[in-house]
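Beneath this line is the structure, given in structure tokens, with notes to follow.
By written order: A, B, C and D. Residues from 1 in each chain.
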Amino acid sequence: MTKVAMLGAGFIGDFYTFSLHGQRSRDRVQVIYSRDEERGKAFARKHGIPRWTTSMKDAINDPEVEVVVIGLPNNLHLEAVLMAAEAKKAVFCTKPLGCNAGEAKQMLDAVEKAGVTHGYMEDLVYTPKTLKAVQSVRSGAVGDVIWARSRETHPGPHSDWFWTKEISGGGVLLDMGCHCIEIARNYIGKDIRPVEVICWADTLVKPIDAEDNALGWVRYENGAIGQFEVSWSFRGGMDLRDEVMGTEGTIWVNNFLRTGFEMFTAGGKGGYVAEKAETEKGWIFPVGDEVVELGYTDMFTDMFKAYETKTEARETFYDGYIVNEIMDACYRSSKSKKWEPVKLEVWRGRDKTDPINAIRDYDTDHFLVKEETMPDGRVKLILKHKKTGKITQTEVKK
Amino acid sequence: MTKVAMLGAGFIGDFYTFSLHGQRSRDRVQVIYSRDEERGKAFARKHGIPRWTTSMKDAINDPEVEVVVIGLPNNLHLEAVLMAAEAKKAVFCTKPLGCNAGEAKQMLDAVEKAGVTHGYMEDLVYTPKTLKAVQSVRSGAVGDVIWARSRETHPGPHSDWFWTKEISGGGVLLDMGCHCIEIARNYIGKDIRPVEVICWADTLVKPIDAEDNALGWVRYENGAIGQFEVSWSFRGGMDLRDEVMGTEGTIWVNNFLRTGFEMFTAGGKGGYVAEKAETEKGWIFPVGDEVVELGYTDMFTDMFKAYETKTEARETFYDGYIVNEIMDACYRSSKSKKWEPVKLEVWRGRDKTDPINAIRDYDTDHFLVKEETMPDGRVKLILKHKKTGKITQTEVKK
Amino acid sequence: MTKVAMLGAGFIGDFYTFSLHGQRSRDRVQVIYSRDEERGKAFARKHGIPRWTTSMKDAINDPEVEVVVIGLPNNLHLEAVLMAAEAKKAVFCTKPLGCNAGEAKQMLDAVEKAGVTHGYMEDLVYTPKTLKAVQSVRSGAVGDVIWARSRETHPGPHSDWFWTKEISGGGVLLDMGCHCIEIARNYIGKDIRPVEVICWADTLVKPIDAEDNALGWVRYENGAIGQFEVSWSFRGGMDLRDEVMGTEGTIWVNNFLRTGFEMFTAGGKGGYVAEKAETEKGWIFPVGDEVVELGYTDMFTDMFKAYETKTEARETFYDGYIVNEIMDACYRSSKSKKWEPVKLEVWRGRDKTDPINAIRDYDTDHFLVKEETMPDGRVKLILKHKKTGKITQTEVKK
Amino acid sequence: MTKVAMLGAGFIGDFYTFSLHGQRSRDRVQVIYSRDEERGKAFARKHGIPRWTTSMKDAINDPEVEVVVIGLPNNLHLEAVLMAAEAKKAVFCTKPLGCNAGEAKQMLDAVEKAGVTHGYMEDLVYTPKTLKAVQSVRSGAVGDVIWARSRETHPGPHSDWFWTKEISGGGVLLDMGCHCIEIARNYIGKDIRPVEVICWADTLVKPIDAEDNALGWVRYENGAIGQFEVSWSFRGGMDLRDEVMGTEGTIWVNNFLRTGFEMFTAGGKGGYVAEKAETEKGWIFPVGDEVVELGYTDMFTDMFKAYETKTEARETFYDGYIVNEIMDACYRSSKSKKWEPVKLEVWRGRDKTDPINAIRDYDTDHFLVKEETMPDGRVKLILKHKKTGKITQTEVKK
């Protein structure tokens, strides 16, 4: 049994604890830290947690605790991580790692210096579909990835602090862009350097200072594009979709809103449908097991296993740092209105990646541009002469 | 930690063991029984199981073993259950419980007499979507269920014994009808008596003695119909879909073939896609985590929890017995070509259930037959006069 | 330009006229017949029709009229058809053809004796998807069809007469079973004799005398099953789905409720969504062009072309008669609770059809039962020895 | 009957002619122009066209011809339009209107000076789903549109000239970006000025000079973003999808690859599946009626009706010109790597559009930021104080 200090008794702390205590798990939350004593006590009661405290330090230094799980507002991540590193405890921190790359870099340095296991809790990289899809990509199922779109949109977060820039550090780009950027990076290849970004961010719908909508492209060294789309003003539930275009294939993943589970209810007695579902009547689209489908189960499995076996988690603070740097570049780009370079103080991937090249020979003289079956059954070939460059078409029977 | 004897080193034993050892589980398979020593040894190696044996008795009586999990061909369930009951071990048996209701009744009697925890491993009742959908039905989201369709079709089972009637006890009706019948029973209400059945079964495609296709309706005492559709000659993968029609709503569940995960691969380097997927190129439809999506994870959670807390599992041998009786009636009906009564030696549900009644008053004189919004925005009402019985239509503005 | 007499100014008359006057059509409704003068006048105004009348006879005998289109309640079809046949006009009649097979036979005899073009307006056989799917079946894309399911369910019809058995002649089985039976017959093969039926019909939800839910299987001479499912108590819109299982393939058609068009509207200002849509807020599922998607456009194209070229329409009164006979057998079966033979006074298809046979040789000694790729990449074969009948499994590498 | 000169006997000429002669149409192609006599003759035979010619001028000046339909390579549009305008014939030109805005402007000037009816044949704006979706947007169903994504990707065009920049004038951006840009413009509002663009374009997969992949955002004066995604290297068929995010709702349209029609075929005898389908075996996804679903039918209906009634078509050369100007800005941006202004010589929409504003009062002191139902049924409100700007959360029961 691995004992855990949970920092934060909010929405995400709930999800984390449901997941840690779920199924036949051998891990347990030992102590819950909340600034608000009543809230901590209620949380402990709900989840059967032995202790609660209003002191972050006491929670982390609880002698039985081996792992610290951080589910706090963004502006408290740095403090909590530094404290856990000092206590030499394994530390898993929710996303985004820092409010900016500077904070993230401090956290990375701290845990590496302390030599403790660290995990960047980018849960959406761990959804069962994403794990299997990324594995398929690595095994060559879609060839080279040339474009990966990740989209997370919903009607806005559930706690006031997200909407307050001094606490959150930013708007929807920081809150959810981090998910999409890291998902695309997993598809394209985590060892391929992100080179530059263009980003649009605007406050279109909500009465807030930070951006409520953002779009961006991250260009990788091999020419691939990671595209993110995030919004706090989407209507209809929580839309978590990824699309991957490879030279040899395509992947479409829908994690939440169309997963083969559809319900119509005239009376609306269905109760809670799903996170940010918006409607309780009419057609609704639940998921089976939210904690599994959102990746929490597989994320904790990976991170606790890394802790037990002294290996690296799939997502570490290093990854969290890279994502923060990309987001910093996005914020610069949204102001400069041009492509901005991604500045990496640390890079542990490939030094140099060649451009994607999928050009195929048709015969010694020609490249194959395209092959297509026509309505009448003929196969049409488009060829390019290697020397003259002339493009011609021809038809063959198959 | 709960220690398990796994009986059977085949396809389903693999799935069960992956599930038991999956995620952060605290349960472990301690010994594997296989008639074939090499196979048992290989299975033990693959799953990190300490012991293997070719003696069913030794496996069951292993002093460390608390729970016996039966993943054997149908004709061996009875023997294995009787042995486990004698050894006073908890016993979880794969579906169908018996080759017929007589066998199932013997098993039920044996475990109840021995006072051991028993679980009927009807995994498809435990898929995350089914669990949540059944919960929604119970909470009133769709009103009274009047019809539940459950469909399981694929291109046929993976081991020779399924196709040999002496070992399997029957064809696709026995192999997969049991799933669909119990799923529909969960939606309609497990305490409502199944009264009679009509069944069609035929051998249309495969060179076998048993039926390779079957359809059936089970009529429940309140008038609801449970419809099953099973086939060993479906093309395109494994189709696991349920549909529920209630007086106030509708549920559509797709467990396997359209779950929001779609992949196109030109090269076919994707490797294993999913159970019975049929294709490795072109458009393929994997699931995220097969062990979760097919219900194994939640099934074992429920059954081990029942064992630990000395409560009843959601699906017990009693349920397995009911399903066997329904299937026996189906086999009779497929020969007699008429509705056949379901004969239950044991019934623990409601003595009497009234017919479904969803008739709504419109006003003191009329019942509401229907309300509909027309293309031009008018609302049309169809009313029936309570005394004269006359049906009229009228239009109102909303 | 072909000039039309439209009989009936109700919901279906509207759809027919929108379709006849739609796109770049060269056909025109010349006269509208309605029992109610005000209604006829309003209809004429809405659709730009030159004349209206309350005399069915005048409408049919209008000298400019070449084609009579019948969109009347079921109990008026016979009278209208006899009148049109007497006037030697081409006549297209809505579904079901008769209230029973006796009426249908009289209509068939009348039009054939008169030598006029006749069309059975089974629109759902003409949806663009159904036309293409049936064409694919005929070209061999799915092998032999062994099962075809057709489902039409919605919250009930829009006019009072449907709910009144004296006018409609029956409940949901007669109203919509006719669609599903003929769709399945198109997939299985219109020249294969329907042999027997089993049918369940019940009044579960609505305060009416006729059945509001019905299910049935029609067994064809080659062993194939046509399955229909109809309901007037479905919640969530109009569900028009077909599924076909062939020895070599599968077809799934969704004509109306999931067609790649999804809308969420918080305000509900969307207006008319689609026929029987039930909701105007939340997630709604319109179709693109209702008149096209429901088959009206292609149906009239086929029938007017048949009239112009003096050929047979795809669906004639003969087909309508066959469907009525099948439904009569269904009503008998729902009472007798057993399979009932389909009695055909006229049969113009094959005299005899052999059973479906898809058994494949593996080698000279064995039949192939099944071939499957396993998770580890091996290919497992299930074989049956031709002489001994023994079933064995073996593994090969590919 | 309206008589047509068809210019171009290629793939698109086929589609246009099938559409013009389809269903019960009263329009006919009278003469076909093709540079290649054999090809023109074969085309005439296939479609039952009375005359063919190798002289564009003769085709246009055919005295019976009232309407000229241009289905020629991009570099011939200008010449053909000028000739038709001179002949005072109505002229409908395929997309893109010009190879650049300069050409488009010349064409616009020519037809307006000649006073002839002109149509910009942007068929994808006319798909039945798009027409209905745009109508829903105009009626307020989704509030103000803040983002519209239009995606068209497939494995590349079918004729050699598309791949040859001298003839096509550009790559995938020019070929298909025009579709997506105009679709988004229809959703956002054709009277709202497109202000600036950012575009990425690259040659990643194909051995060609022009771009084979491009992405872009068009920013409109009210703050809305039109996003386009085009590719000639997509695998899996032709992907035509649109997504619209409004302040009050959402629209998802799938025009081609997931439309409720799914087929699995083991044998591959299905023949032609759909334009650019890529596979003939395994799971395939046809559409019902390709000519309807791709918008040709409704497009010609609109344009011929405009001609007959002397009104404006939904899409005119003015729209084609606007699209060309946006694409010119995109090409500039893809080189400058920054947002580029859209330069419009002609603008006939609103002079000035205010920013989207969806901020809602909660009470006199607060704006409503968000309202959400939590898993336990509470409703959480996020409010912003109008004066202090402080954001707080509160819970209410409903």
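Note that in this section a contact is a pair of C-beta atoms (placed from the backbone, for glycine too) under 8 Å apart; a residue touches a chain by one contact, two chains touch by 3 or more.
Keep in mind that what you see is a predicted model, and the values were worked out from it rather than measured.
Chain B maps onto chain D through a rotation of 180°, based on Cα atoms and reported in steps of 5. Chain B and chain D have CA centres that are 48 Å apart. In terms of their C-alpha centroids, the spacing between chain B and chain C amounts to 33 Å. Centroids of chain A and chain B (each the mean of its C-alpha atoms) stand 35 Å apart. In chain C, the residues touching two or more other chains are 142, 235-236, 248-250, 264, 266, 271. Judged by the touch criterion defined above, the protein chains are all mutually in contact, each touching every other.
Residues of chain C that touch chain A in their complex: 235-237, 264, 266, 278-279, 281-285. Within the complex formed with chain A, the chain D residues making contact are 142, 146-147, 149, 153, 155-160, 163-164, 198, 200, 202, 204-209, 213, 215, 217, 219, 223-225, 227, 229, 231, 233-236, 245-250, 271-272, 276-277, 280, 337-339, 355-356, 358-359, 367, 369-370, 372-377, 380, 382, 384, 389-393. Interface of chain A with chain B (complex): residues 23-27, 127-129, 131-133, 136, 139-143, 248-255, 258-271, 286-289, 292-293, 297-298, 300-301, 304.
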